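Structures given as structure tokens follow.
The following pair of complexes shares a single chain, chain A, combined with chain B in the former and chain C in the latter.
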Partner chain A sequence: MTYLAKFRVWRGDDKGGDLADYKVDVNEGEVVLDIIHRLQATQSGDLAVRWNCKAGKCGSCSAEINGRPRLLCMTRMSTFTEEETITVTPMRAFPVIRDLVTDVSFNYRKAREVPSFAPPANLKPGEYRMQQVDVERSQEFRKCIECFLCQNTCHVVRDHEENKQAFSGPRFLMRIAELDMHPLDTADRQHQAQDEHGLGMCNITKCCTEVCPEHIKITDNALIPMKERVVDRKYDPLVWLGSKIGRRS
Partner chain B sequence: MTEYEEHRYDVIIIGAGGAGLRAAIAAREAGMRTAIICKSLFGKAHTVMAEGGIAASMGNANSNDNWQVHFRDTIRGGKFLNNPRMAELHAKEAPDRVWELETYGALFDRTADGKISQRNFGGHEYPRLAHVGDRTGLELIRTLQQKIVSLQQDDEKESGSAEGKLKVFAEVTITELLQDETGTIAGAFGYYRESGRFVVFRAPAVVLATGGIGKSFKVTSNSWEYTGDGHALALRAGSTLLNMEFVQFHPTGMVWPPSVKGILVTESVRGDGGVLKNSDGKRFMFDYVPDVFRKQYADNEPEADRWYTDPEHNKRTPDLLPRDEVARAINSEVKAGRGSPHGGVFLDIASRRTPEEILKRLPSMHHQFKELADVDITAEPMEVGPTCHYVMGGVEVEPDTAAAARVPGLFAAGEVAGGMHGSNRLGGNSLSDLLVFGKRAGDGAAIYVGGLQGKYPNATDESLASAAATALAPFNEQGGENPYTVHQELQQTMNDLVGIIRTRDEVQSALDKLQGYKDRAARLTVEGHRQFNPGWHLALDLQNMIWVSECIARAALIREESRGGHTRDDFPAMSAEWRQKNLVCSIDGDSIAVIEQPIPSLREDLLALFDRDELSKYLTEAELPALTEEPA
Partner chain C sequence: MSRIEADRPVKPVKGQTGVRSPGRANIAARTLRTDKWWFQSALTFTLLSLWVLYATARTVSQRAYFVEKYHYLSPFSSPCVTASCNPAARDFGTWFPHFPPFLPYALIVLPFLLGFRLTCYYYRKAYYRAFWSSPPACAVAEPHTTYSGETRFPLIVQNAHRYFFYFAMLISLINTYDLIRAFRGGNGGFGIGLGTIIMLINVVLLWAYTLSCHSCRHAIGGRLKHFSAHPVRYKAWTFVTKLNTRHMQLAWSTLASLTITDAYIALVSGGVFSDLRIIH
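Here is the complex of A and B:
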């Protein structure tokens, strides 16, 4: 079942680069990351790629395959024909370091700008009580493996470096939604999301949701409800207070 | 003269998995300026892959649970070779460490009364594993990562600098520990993976939290990070490793397609009702219940099935025997020609639970099989077989402080540390181990540094120069071999000759081959330059894998019995004499020396947790008289 596939892989660094052509063996059941590894082992020992788990769990191996943002380890070769040339390029929204490896420090900066979980002051460890139905909404968002594919895809920043200052991107707007929906969190999240993280710049195109390898409904379950909460709150500040207190009981 | 960037800290932590992050939180909270160093990005460490859960006797699912029962299960699982003090601290402190995670923001699955839900797992008497679906490791990493961020936010508010007191150096690999003339720790030396530039951390205390060694084996559930760096760093600094012959082969890894062979299939599949079957459709585990476990495991299907809903009145299913037992059973079935088409056995949950239940309890397993193998686990059985999963062996440490043997200033916690799990680790006991001993290592390091009263040891110039020269060697060598070739051969050797079933001749021939790899690895050549160069990285990691493999093979050759993660075909029985001994490895010249060392004995009150009948299966006659009285 082995065949020779045509690969084009972007090689270069922050000063520039180009697509390089390779012919490489593919065996039954393999994923794109296997092929990149075969290139390293047999043709190009210094081809740079980031990966860890090879099981879709760590979110390290993000790149673009034929222009689509994907995890290299979860893209099966059987989704392509044997004739097709497969083009692998680094994520576009982040600066290249080398070959398929990009500088994703933007995301870590944004993560640090989201104020942390704020539990009620009087609650001791071991005393936390929450119902499964109440934690499920936030649990969906905590499935996030921080592959940053949604950040790479969102058009607000994909080709607009200038928006990166004001806009935290779907991953971190979702993080704020997660904290807002946490049954025991006591901070005002909606205000933060709108004023400091650019929730208003999102125009709910759902491109982020489409690329999420964890199939998290980022737009429908995090961003839109968050927008609704912000609007409600603009009309009536007591709504926020009320909802927090209600959920805590 | 080589150039390098230089930093000064009170404590540096090598590793950003569960153990490293928990240690960093402890050190920082004790007032230490702390650096965390890791090979991959922040939040990607191997811990992220853990699925099933964290073992802690909170008693939420069954109020009979307590630390003594957890302790007893741990010792049984480790076949009485565990360091008893470590097992005791672990069982006692695990619940507090888990509850603490909730204050950092963790969201575990809940019981009906709103507490943390706990699930069944192999070797645990009661449902004990706190979990989030089957992605518990991700929750653990993210929670600790977010706690680190929150400490940085506090620092920023206080001093204007988020990274002034606690900083993460991601994608940095440490290649050497730095020591002063007396061998006391003075820091660490490494390189940025991104640029290849060297970096020196000067610090009086180093916590190793580097995880395991699985990449020395061909079929493994472990990622590329698991090259045994911490094990080798400790050895080279003059410390010791114990229990290295004990390697856990998880019974259920994927076997097909070839490229995903080894990827883990979580034990929760069995905890939640899945059963193992051979090609005749027979639930074969009933044929493999060893004598020492007869009292706890059912010998017939109806009872085993009733146990899921009525554990008080039924014995548990043998599908949930400790991992070493299940892995050997699968191995035997396959050898006897009763395997599945791709050389494993069947793991069936589809015929036993509804698709809705499976999707709810095991979403990532469903996803993994669908995406990687085109198998729908709600409709068809999985094919599974043993995979190298965890190393019980590791750095010999002082239980209370996690201080490493023989090297002042060195600490170790998590998978890189040895002793806690004896000859076999129970599922769920690693994540709790990370938290309990991660915290203790951070505290231990802080107390040690406090005791120095500002007099920090200095690394010798020679140690710096030689660290740089060693790291650059593969670029200077002409015409040597490609590191990938040597690595592949090493993996094959370890898999075939020092794997799940071992014999004297095979292990001996592995040792001969290892000598060959050692010679070849001294003359590797890599192409390209220092910037993000995986060939170079592998060339350096390979040295560590060879050291660790030699420890495993040498100890495996010496231990003439079968116990837990060490099975000798030529010595199939467990020996009470061997139980009294640890094998301790250190570097002697350019090879590994192994000595026997008595293991600490169980305190009387802890011995009393077992009945005499059970003890007599493990202990020598000479050890037994102390308890002629039947314990209460």
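Here is the complex of A and C:
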């Protein structure tokens, strides 16, 4: 069953651009990325789009569909009516390179700023066996495909370009939480999270969780627990007192 | 501006920051969302405002807060420890002289209850979105030129949520005591009425909301790095985690149950109808 869909796709680069109108065939079972590929093949050979696996696992085809941050390959055309005009734009939190392709190097820079796993210095490879209950919290965070939709939708940087230096975004605060919850990690992640990665700027409005294609509970399981751990270290006098008299770690 | 320069700190200029920053895709609309993105915030704004108005009106009215015959005490006036309270409602004694008009009888706990809800991680999301448009909805540009989150006063006080949680636990104990007292018949012995059932539902929901708190989840076991070394706390954490996934629903349910409990007691106390008795 084929129908002619109305699409508006943002075309342009960092100097300017606009939404361009297209009419394009849609077949049963297709996703938005299929339609973008058909546009490339039939009407607009120079349309730039970043994609790779087409299976929701590489995190390449992040964009905004009708204003909502989504993966192009995981958005079924059957979720729209045939009369609807579907608008596709690049992610609006990052500088655009061309058409639907953005420069996400902000995220790679923030990733490098997170110190890696720091086990005790005297621990030899193979000396430690982890139990399932100790790894399952961080296993959830390891599902991240780094599509950066959470970074894109987070209003702290999306709506405030000037915050990009001070705030690492939900994806990398989740990475810090993952490391902090690791039984063997010895680094001071709490102070890092608050002082160097801007955890205090997060006001837990949960948009990162809403857009995550892997359904990771970023806010409830990473950001809020990390905020509570920061409170332990920085704002809770009872925990501070407990640590001084040797009753709390 | 080149791509590499894009995330250098820049002084925000109204109309040229956020999604309209130089270098980003040039789209004038604050959002291209086609769904009713404003509905959730509008609903939250309306319901929370109505609840605050109701709770304020009822707490300052100093009226119809107690049904002496069955010992139904409204949660909005508990504990009643001022000389202005009905003597039968003063189970915890008389700590204060007569209150002037408009001063809530439960003044001693209301700041803590208010603080617990205001600093609650769920309510923060709700009112940041609905009352402060920060953001109004996901992927909808907020109207503010600058943003510092919870890094400065007053919002840095949100970090005190765990202390409000400790007080909320104590207040839940008081509510539980009020419930036990409400199992009273008209002759002074044991009895159950519709008011008792409503108070029971309210107290169960209040406990569930309080225990599902993110600070409780952290204190009970979330702060640990090594679950396998603390199996009992891990079990407790698992239980609280299950409750925690319902924190939003419990937050709203308790607002409803508090309102219904108070309204029922007010109506019975005011003589609008009599309590439906199940036992005595």
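One rule holds in what follows: the second predicted complex is superposed on the first by the 234 of 249 C-alpha atoms of A that agree within 3 Å, B and C clash if a C-alpha of one lies under 4 Å from a C-alpha of the other, contacts with A are read in each partner's own complex, and residues count from 1 in each chain.
Following the convention adopted for this analysis, a contact is a pair of C-beta atoms (placed from the backbone, for glycine too) under 8 Å apart; a residue touches a chain by one contact, two chains touch by 3 or more.
These numbers come from a predicted model, not from an experiment.
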Next item on the list: Based on the superposed arrangement, let me know which partner A:Ala63 touches: chain B (first), chain C (second), both, or neither?
Entry: neither
Note to self: For A:Ile216, using the defined touch cut-off, is the partner it touches chain B, chain C, both, or neither? Pick first, second, both or neither.
What the structure shows: neither
Note to self: Tell me the contact category for A:Arg76 with respect to chain B and chain C: first, second, both or neither.
What the structure shows: first
Margin query: Quick one: is A:Trp10 in contact with chain B, with chain C, with both, or with neither? Answer first, second, both or neither.
Written below: second
Check: When the two structures are overlaid on chain A, which partner does A:Cys150 contact: first (chain B), second (chain C), both, or neither?
Finding: neither
Check: Touch check for A:Gln40: first (chain B), second (chain C), both, or neither?
Finding: first
Next item on the list: Would you sort A:Ala55 into first (chain B), second (chain C), both or neither based on which partner it touches?
Entry: first
Item checked: Which superposed partner A:Gly29 touches (first chain B, second chain C, both, neither) -> first
Margin query: Just checking: does A:Ala177 make contact with chain B only, chain C only, both, or neither of them? Give me first, second, both or neither.
Written below: neither
Item checked: Shared chain A contacts, counted only where both chain B and chain C touch the same residue -> 97, 131, 182
Check: Mind pulling up the chain A residues that touch chain B in the complex?
Finding: 13, 27-31, 34, 40-41, 45-60, 74, 76, 97-99, 101, 104, 108, 111-112, 115-117, 119, 123, 125-126, 128-132, 135, 138-139, 142-146, 179, 182
Check: Contact residues on chain B for chain A in the complex?
Finding: 40-44, 46, 48-49, 58, 95-96, 99-100, 102-105, 107, 109-110, 113-115, 117, 132-133, 135, 137-139, 142, 146-147, 149-150, 152-153, 162, 194, 223-225, 256-260, 263-264, 364, 367-368, 371-373, 482, 484, 488, 526-529, 531-536
Item checked: Parts of chain C lying in touch with chain A, wherever the complex brings them together -> 1-4, 6-12, 17-19, 21, 23-27, 31-35, 121, 124-125, 128-129, 134-135, 138-142, 144, 146-151, 155-156, 159-162, 214-215, 217-218, 222-223, 225-228, 234, 244-245
Next item on the list: Name, in rising order, each residue of chain A that touches chain C in their complex.
Entry: 10, 12, 14, 16-19, 64, 66-69, 84, 87, 89-90, 92-97, 102-103, 105-106, 131, 133-134, 153, 155-156, 158-165, 180-183, 185, 198, 200-207, 210-211, 220, 224-225, 227-232, 234-236
